[in-house]
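Some structures to go through are shown next.
Presented sequentially are two complexes of chain A, the first with chain B as partner and the second with chain C.
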Partner chain A sequence: MFNVFKYVLFDLLRSKWSIVYTLFYVLSSSALLYFANSSTSAVAGLMNIVLFITPLVSLLLGVIYFYQNRDFAELLLAQPIRRTQYFLGNYLGLITALIANLLVGIGLPALLISNETTAFTELSILILSGVLLTLIFSALALLITLLNENRIKGFGYAIIIWLFFAVIYDGLFLMLLLYFNDYPLETFALVGVILNPMDLCRVLILLQLDLSALMGFTGAVFQQYFGSTFGFVTALTSGLVWVALPLAFLIKKGNTKDF
Partner chain B sequence: MILRALFVFVYLCCCFWSHGATIETCASCSIKDLRTAVQNAQPGDSLILQAGVYPVHELEITKPLTILGKQGAIIDGENQGEILIIHADSVNILNLTIKNVATSYVKDWAAISSDKASYCRIENNKILDTFFGMYIRKSSHFTIANNQVISNATLEATSGNAIHLWHCDSMRIENNEVKKHRDGIYFEFVKNSIIKGNISEGNVRYGLHFMFSDYNKYLGNTFENNGSGVAVMYGSFIEMKDNTFINNWGPASYGLLLKEIKDGDIKNNIFKRNTTAIYGEGALRMNISNNTFERNGWAMKVLSSCMENEVRDNNFIENSFSVFTNSPRNYNEFTNNYWSEYKGYDLDKDGFGDVPHRPVSLFTYIVEQCEPALLLMKSNFIALLELAEKAAPSITPEALVDDKPRMRPIW
Partner chain C sequence: MVIELSNIKKDFGKHKVLKGVDLSFSEGKIYSILGPNGSGKTTLMKSILGLVKPSSGAITVCGKDAINDFKQREFIGYAPQIARFPENLTVNEVIKLVTSIRKQPSNPDPLIQLFEIDSFRTQRLKNLSGGTRQKVNLALSLMFDSKIYILDEPTSGLDPINRIRLKELLLDLKQQGKTILVTTHILHLAEQISDELIFLLEGKIKYSGPTEELMSMTSSENLEQAIAKLIQQQTEKEQAHV
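Up next is the complex of A and B:
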């Protein structure tokens, strides 16, 4: 497993995509940190980028890479290596590369441009959210490539999944909220947010930022919920379930797949 | 010549005559007790309280007197009822510490109360742990300055106001610190008065509460962390300048509540981190200019009952929502403001954007209809909706527009 991991990691770190990805983060985060009036508004701007781009890149880069490595996979699986180890090695290699890119891309500019007003807590929550999203969407990418022999179809699914979590989910959520407006919706809204990892990360960062301004009754409910240990544990569990489910499914399918 | 000399002599005599005696009160003096001292004093006398604790309650002052405390002079009401009751003009209460007035559900007990008095001075006192701090009725020309009025209110129902004025005229309230009461400063039917440089903090209800009070000014005060901010209701010709409204944060909080108020000036104020900075309901012909709204939930909520208000030259910086209105039309004027969310350009370099700015966002409407939708703040879906709405306004009022938005904030 370690050899697969090492191979994938270095292969990815050398690829031009990962360099482009890192550079993109370096540029956008240093620009925001440098030009924004306050550190919190820089984090707010970065939040939109991270929540939007990280899942997209994890999905697309994952799908591209695993389709590229199809032949190599067949070669490797002919060797005496357990399939679980092979898939996990691939997954770990992918996420390590992506997380390294993310850390360098945001962490480095933040450290270099930092001054006493830099909102480090908010930034670290932001980076943690990026890490969580990478974990989730890389697993989904691996699963997509495994389930679809047809590359075009695979790409299509990847983009649809991304679009669903980034935009469509919120639309449906809003529709439901408006439709059931006459009922007390706080708990429902809470569940709705926790179920979508992108929403969960966004709300967590908003709660951290001062401009969160999650006002009124809903805001109070949320602040209380996420302030409690129970809230923290459920939020974390939800995130981890999103990682574990695709991975478990991946291993189950992978073990029986006829390459 | 002789006549003039005589005149001067008589005048000087009168001056010395009316100057009054000075009576010292202390544990080792001939007069040990405040009540006896007040009863024995002649009009115009000064009582000097040396350091020590003077237990007294329901002490009526019916003649012009000066009560001056030396350092460490404490009047203790022992939670028995009211303490000092002023029933005469020209009473001065200076440099005292007055404490312990119990909560009453029947009477408005205060540390210092007054009825039909004028030209009194209440200065440099510390008023601690009282129900009402000062309760001034039907009085005029008071100076209430440099006092600290601090209690420990937790509930609206069991607490009183720090400085409570009812039916007064020409009062000056300056540089006081009012904390942890129900209302910091309360005005009802008060005219021609000035509230200046006070700090009102941590009060359960309002930092400042105006009812039916016209022709007043409040200048340079700080209102911080009050239960629901400052309320100005049913008044006209009120001037509000150079005040700071900060951290009035909570589900039902605002920096400044304007209700049924007209012809006022709101200038040079700073609104920072309030849930709603200005909430206007039935506000008419208000001039709102040169204020800074920074990082509030809503900078302004202007309900449809507000008309002919002018909002000019203000800074709106990083508020979650700039303006909300529940009306499809707009009877107010918004112009020359700086909006930090403005994305237009300035080709002719005159400092004003060439594209008009609509400060009411679609999301504000959604949130107003369905509060939990607040959770979608800054979500991409909402950004898409806003984009569509900006391109062709259908829900947000088209008329509420700043035609000359500034490119840079004004300071």
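Up next is the complex of A and C:
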């Protein structure tokens, strides 16, 4: 597994996509940290970029990379290696490369520009959310390529998944909240947030930034819930379930797939 | 027998690709697997490698179950039909990668010299031509001291000089007691190197045996004629059924 991991990592870190992704984060975080009035507003700005861009890049780069190496997979799987080791090696290589891009892209400008001590915790939770989103959407990318031989279909699914979690889900969620306005919706709202990893990360960052007051009633509910140990553990567990489920399905399907 | 297949069937949905294949391959021989496009050649080879899981039947490689035990692949060197590699790795890195996965000593240098790819060793694979990538593909599959070599269309993209080099190399490996399975569309090559031919048609074995026997059986002067006659016989049979 380590050998496969190493080659995927080297291959990805040298690719132009990887360089473009890092530069994008370097530029946007430098600009926000430099021009924003406080670290909180800079992190709030960066949050929107991380929440939308990290899942999109993880999905698209993952899908492009795994389709590109589809023929090489045949050569490697014809060697004495377990399929599970091969898939996990690929997954670990992809997430390590993407996380390295994220850490350099946000971490480096933060170290050089930001001088507020409060920024450290805020940026840490932002990077942690980025890491969690990378873990989840990279697993989904690998699963998409395994289940679809047709590349066009694979790209289509990747974009639909991103659109669903970034836009459609929130629209549906808000519609339901409005429609059932007369009922107690605290639990429904909490479950709704936990089921969408992008929403989950957004709420966790906003709570850390102490901007939850802006969210009104729901903000108070989230503060009360996610502020408690139980809430934090539930949020973390649901994030990890989002990673584990696609990976478990991937391994199950991967072991019986014809290459 | 080095490889044995018994009653191998493979369906892809409704499409039956292999319809009950029984075959055995012995040591020190070159086998050419021939057949029109879609006859099941690649599926047959991939079944031996464990890349394709047969719907039913059994395959053993060196006495071990080849369908469920991944370890049997340590006996096989494989060159896939399409030579594509991670774009940003160099030739040397891919050689190291395959060697480290296989955990067996490799000897790529004589093959690198033979195919004259020494000057490309430190170049990224995305910068190499199709023919050079095919040479790397062949070097990767033949650099281990394996008992069996499975080569899917090994001459594709090779110039005539390297085709001759490959042919001589395969004959040399045969002398060392290796079992070599080759699929090819170049009948001339199959005729020159094969001890035995396997002709697949619509997922069934139409002929399996020595090359000369096929020619005398079909009263043909060369392999091309013999194969044409086999296909003609099949068509006539089908028409008689209708």
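Quick note on the criterion: the second predicted complex is superposed on the first by the 251 of 259 C-alpha atoms of A that agree within 3 Å, B and C clash if a C-alpha of one lies under 4 Å from a C-alpha of the other, contacts with A are read in each partner's own complex, and residues count from 1 in each chain.
Throughout what follows, a residue touches a chain if its C-beta (ideal position, glycine included) is under 8 Å from a C-beta of that chain, and two chains touch if they have at least 3 such contacts.
The model shown is predicted, which means the values in this text are computed figures rather than measured ones.
Here chain B and chain C are compared by how many residues of chain A each touches, and B touches more.
Contacts of A:P80 after superposition: chain C is touched, whereas chain B is not reached.
In the superposition on chain A, no contact is made by A:T229 with either chain B or chain C.
No residue of chain A lies at the contact with chain B in one complex and also at the contact with chain C in the other.
Within the complex formed with chain A, the chain C residues making contact are 12, 46, 49-53, 70-74, 76, 78, 80, 82-89, 93, 97-98, 100-103, 124, 137, 140. The part of chain A that touches chain B in the complex is made up of residues 37-38, 41, 44, 47-48, 51-52, 166-168, 170-171, 173-174, 177-178, 181, 185-186, 188-189, 192-193, 199, 202-203, 206, 210-211, 213-220, 222.
Chain B meets chain A in the complex at residues 251, 273, 275, 295-298, 318, 320, 366, 369-382, 384. Across the complex, chain A meets chain C through its residues 3-4, 6-8, 10-12, 14-15, 68-72, 74-83, 256, 258-259.
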